[in-house]
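The data blocks that follow each hold one structure.
Next, two complexes with subunit A in common: one pairs it with subunit B, the other with subunit C.
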Partner chain A sequence: MIDNSPEFRVKRGIGLTLMLVLLAFAAVPTLWVLILSFRAPMAIFQPIWESPLALTLDNFFKITRSNFPSALMNSFITAGLSTAFAMIVGVPAGFALAKARLSGKFVASWVLLLLRMAPPVGFVIPLFLLYVNAGLIDTYMGLVFAYMTLTLPLVTWSMWNSFAQVPDELIEAAIMDDANLMQAFLLIALPAARPGAVAAAILAFLVAWNDFFYALIITRSGTATAPVAVMNFISYDSVDWASIAVASIALTLPILPLMAIANRYIVQSLSGAVKG
Partner chain B sequence: MGRIQLKGVQKDFGKVTVIPPLDLEINEGEFVVFVGPSGCGKSTLLRLIAGLEDVTGGVIEIDGADATDQSPGKRGLAMVFQSYALYPHLTVAQNIAFPLRMAGLTRDEQARRIDNAADVLNLTDYLDRRPKQLSGGQRQRVAIGRAIVREPSAFLFDEPLSNLDAALRMGMRLEISELHKRLETTMIYVTHDQVEAMTMADKIVVLNAGVIEQVGSPLDLYDNPRNRFVAEFIGSPKMNIITGAHAEERQATSIGIRPEHLTISSGSGDWKGIVGISEHLGSDTFIRVDVAGVVDTMTVRAPGKLRLAAGDTVFLTPDMENLHRFDKTGLRIK
Partner chain C sequence: MKHLFTAALVSSFALAAPVAPTAAQAEEINVLMFGMPYTVGLAKLADDFEAETGIKANIDVVGQDVFESRITLSFTGGTGDIDVVHTPVIQVQRWIQAGWLQPMTDLVSEETTSDILAGPLGAYDVNGDQWALPFFAGVGLMSYREDLLEAAGAEVPQTWAEMLDVAAKITTDDQAAIALRAVPGQGFNMFIFPMVMRAYGGTFFADYEGGDLTPAINSPENLEALNVYVKLINDYGPAGAGNFNFAEVKAAAENGQVAFTVEGTGIISQLVDPAKSQFADVTGIALPPGGPAGRSPAIGVHGMGIPASAPNPEASARFIEWAVSSETVAKIAMSESFPDFTTASVAQNPEVIAKYAAIHPDFLTMRVAALDLAIGHYRPLIPEWPALGQAIGESVNAAINGLMTPEEALEQADADMRDILGL
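Presenting the complex of A and B:
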């Protein structure tokens, strides 16, 4: 039934306005950055209506000559590797936690939750001292391991939940069909929990991709990731706003398709895709 | 092939014994039904045979060989689960092929067996579908298909019909019975529904709190229950149980009489009662009679044509030939 009462219309109006305000709050800065990235350096501080046509692609060409592209590549490598390793370890771990008759699951759940909730600053000082001694400062491995403190608990935790939704009978049926545990896991349980696995991988990738803090502490020039490299556009005497804007766009673009996929799979994994 | 023997099989979960040591012999080609109220250990017993649970004590022999420590897949048994447990990401054909893949059969042999099973189970048109595109009955058939392609020495069914509606359940009951006739393979079937047990089984195993109360053919259990539990569990509507003076008159702690072994009359009889609710099934009418001083209500099976109104006075007479007497431990007095 469609409610057309004035009271409802007022409520709906308030709701819509609130939504638009929130949307503007989130979208306007992004739009602004997008516009900035095309503005000529001279025009950046002018109101846009004074020189609406002062547009250029120079900012983009300029940034390709900086070290930002290699930093972007570093971001891909470290976020990708830390996600891959977290999946290789975390997915079977989630399966074991969900399906094995283990004692101490309660403790495991608390430890995982604690690791997910703990602020990185709590890890970074001991990690830094350890890395200095182990020679892992400014190495890919060092950063990948550091990211795994974020991605591994996240993947394990969410795969635990995903596998818990896969009925035990499915795995038992596979075992009865003479599958060994590895086959039951790879051929039956994992495909059944696929939406959860895709969502976990994307979320893990985003956590590592968006990190600034670890990379700032652990990397130097060699392996600096894109968020850290953005800082290089801020020098002692000036701030290169145009380059920062381009870099922001470059950091956002690759995650857009991921967000689209993640959105679908997160909804699927929440709505229990294993039915039937 | 398909002889299963349980020797002193016991199962504990922690400190709780769910199945005290138990012996049971299932012969080749038999259709055996484990029946009992929920929580009686019938599914656990099936899972012990399947190997999905480890026994705490005792030995399970399949075709004379000790299978106690064998993995489930190596026991040569196939299982149909209550939820069907179809692999959701695989098509019907792939679901049926899965055990064959695991057994390392050639693609040709796989295809031949899948076609065969699909033919037997009327699934040929659905081979490319996913489980979620099938109805409950079709899913059930796929689950059975996945079991029969393995050509197992015995089938294990864990309440396979309880997710189906009543009409479908009756159809599937017949199909499974026919399948058993055709394959002549041992089948072990778990259900809480005594109608399924009575209609399908060669041999019924009545379980109560992990203990076998009686093993026998359906009619044997119906006519000669070993104790009050079996007498009350088998048969629908339930056997009428009378305790007190009327039982003591017959040198028993309690006596039991099935609804069809009571004659109802408006003139005279042993027990006088008042008609309560009548259930008209067409062919039969089940009449609940309040028999003051004997028992609260007795169920009587009467011809479908009989019309009695609630509140009518009637007289009931038990057929003495079919009266069961039980002692104070519940055992039947012969």
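Presenting the complex of A and C:
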């Protein structure tokens, strides 16, 4: 039955207003950046209503002539590889932690959590010194290893939770039907935990994609990622706001389809769904 | 599965190959600079250096924040991954004290140093050693809108007191008079405010040149200067001027929001360039206003030094000599907006003179006049300056934004200075 009482309508009105205010609070900066990216440099600080036609595509062409496109590619390569490696190691690890009868599980869970809790600044100096001596500064592998300190615990924890929701009986039935452990994992448990695996992969990719701190320390001109390259538009006597706006959009666009996919799988993963 | 593992292992080794080989390899150096027209131009000429010397230079030009983070790690770790480092003069004393730089006195030739302006070169001469070679000396200049002055029936102000009068005539509901850097920072409001301070006879210390470093920031002269600075920004500046930095100041001038700015030559040169500012044709240049104690244009010097941990200082010095050579600097002055060179012979280069005269006929003349008036220790050349400048800048900004009265702000700055200096 639909509640049409005045009290309900007032409550709904207040709720909607609050939602719109919060939405505007979140969306206005993004819209502002979008407008900035099309503004002519000389009009960038003018209110849009004073010079609504001072729009240009030059900002987009200009950024293609900078180092930013290669930095964007570096972001794809390092975030992609660190996610892939984290999945290769973290998914079986999560399965083992969820299903094997291991005595050190509790300790393992805390070690993994500690890795996620430790602020990167706490171990950046030893990491930097190690990397300099190992020749890993300004290498893709160096950055991928560093990102795995973020992505691997995330994937392992997430998959531990997902596999824990897969009934033991499914795996036991497979083994009784002569499947070995690898087959039970690959053919039974993993498909059942697919929503969790997709969500874990996407979240891991986003963590690496958005990283600034590791890339700041570990990269140089050869492997600088996009979040670091954005900072290079701020120079001694100028701030290239138009390029920063375009770069911010370029950094956000690849995330949108991922977020659309992630949304569905994260909800499924959190609600405890396993593919039956 | 076995093939997959092998492929992953092989690709791991391939990925671990450095994209830019490290400086440990012979005849290859890593140069770390932050973004300025000169450094951007220099990076484009890296192949010229390799062709001339056979040494490959990896010139990394980054944002200032990125630069600070990287040098801090490299210097404190003594890693030797940087062979040549951008060295602002205001940092050099602190870096020397911390043991982060190595002297280059015996590594650079007399022929090179004799072609560099004496003032900027001397700023890097500490305890009898040369610690860096300068490539940039930016000085403070004033830009003004000729049309707005004419409409207000006012002359170009020669003193800060006259500036207050002219600003009052120009300011209307739709037109602000002046934009000045106000955000706290030794390179932000403390690049501008000392011009007012020194014009009124104010100083940071009781007798800097005589070696008496007792803070004198709360003097009556400094208070008078701070009152003028606060009034100009709050009463005659655009909305939000209390938190303007150079980018907002430049934008305000470019958009015609203000009639005056007092800024470094790097920004003033863009305001009078028709290619960059819509009001360039009605913008004039003058020396910054003075006061009872004369004029003291701001000065900022940047150079290149060799980190203490650099493994191949001879190659580093060779790069620096090439980078400040007449030929290299002239190329950059022509390709970029870079009138702030410190290589003396470039000022005689007809092409360079013609380029900047075409942008504005008075520009190079005014720059030389301001350089003549500027004092090397405009901002004190002591290791504690970065911390002192930050602390004083915060108090000055608090006065602008009404968090303290000017008297309270200077008392707070005095207390902070004593704390930092351990007095």
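FYI, the second predicted complex is superposed on the first by the 274 of 276 C-alpha atoms of A that agree within 3 Å, B and C clash if a C-alpha of one lies under 4 Å from a C-alpha of the other, contacts with A are read in each partner's own complex, and residues count from 1 in each chain.
The criterion applied here is as follows: a residue touches a chain if its C-beta (ideal position, glycine included) is under 8 Å from a C-beta of that chain, and two chains touch if they have at least 3 such contacts.
This structure is a prediction, so every number in the text was calculated from the model and none was measured.
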> Between subunit B and subunit C, positioned on subunit A by superposition, is the outcome a clash or a fit?
Replying inline: fit
> From the CA centre of subunit A, what is the angle out to the CA centres of subunit B and subunit C, nearest 10°?
Replying inline: 160
> First (subunit B), second (subunit C), both or neither: which does A:Ile188 touch?
Replying inline: first
>> Looking at A:Ala247, would you say it contacts subunit B, subunit C, both, or neither? Reply first, second, both or neither.
In response: neither
>> After the superposition on A, what does A:Asp177 contact: first (subunit B), second (subunit C), both or neither?
In response: first
>> Under the stated touch criterion, which partner chain does A:Ala96 make contact with: subunit B (first), subunit C (second), both, or neither?
In response: neither
> Of the two partner chains, subunit B (first) and subunit C (second), which one does A:Leu136 touch, if any: first, second, both, or neither?
Replying inline: second
> Residues of subunit A touched: more by subunit B or subunit C?
Replying inline: C
> Looking at the superposed set of three chains, what is the minimum CA distance between subunit B and subunit C in Å?
Replying inline: 18
>> Give the list of subunit B residues in touch with subunit A in this complex.
In response: 50, 52, 71-74, 77-79, 81-83, 85-89, 98-99, 102-103, 130-132, 139, 146, 150
> Any idea which subunit A residues touch subunit C in the complex?
Replying inline: 42-46, 81, 85, 88, 124-125, 128-129, 132, 135-142, 144, 216-217, 220-223, 228, 231-239, 241
> Across the complex, what residues on subunit A touch subunit B?
Replying inline: 167, 169-170, 172-180, 183, 187-188, 191-192, 194, 273-276
> What residues on subunit C touch subunit A, complex-wise?
Replying inline: 8, 12, 15-20, 22, 30, 34-37, 40, 58, 60-66, 69-70, 73, 76-77, 79-81, 138, 246-248, 250-252, 254-255, 264, 266-267, 270, 277-278, 302
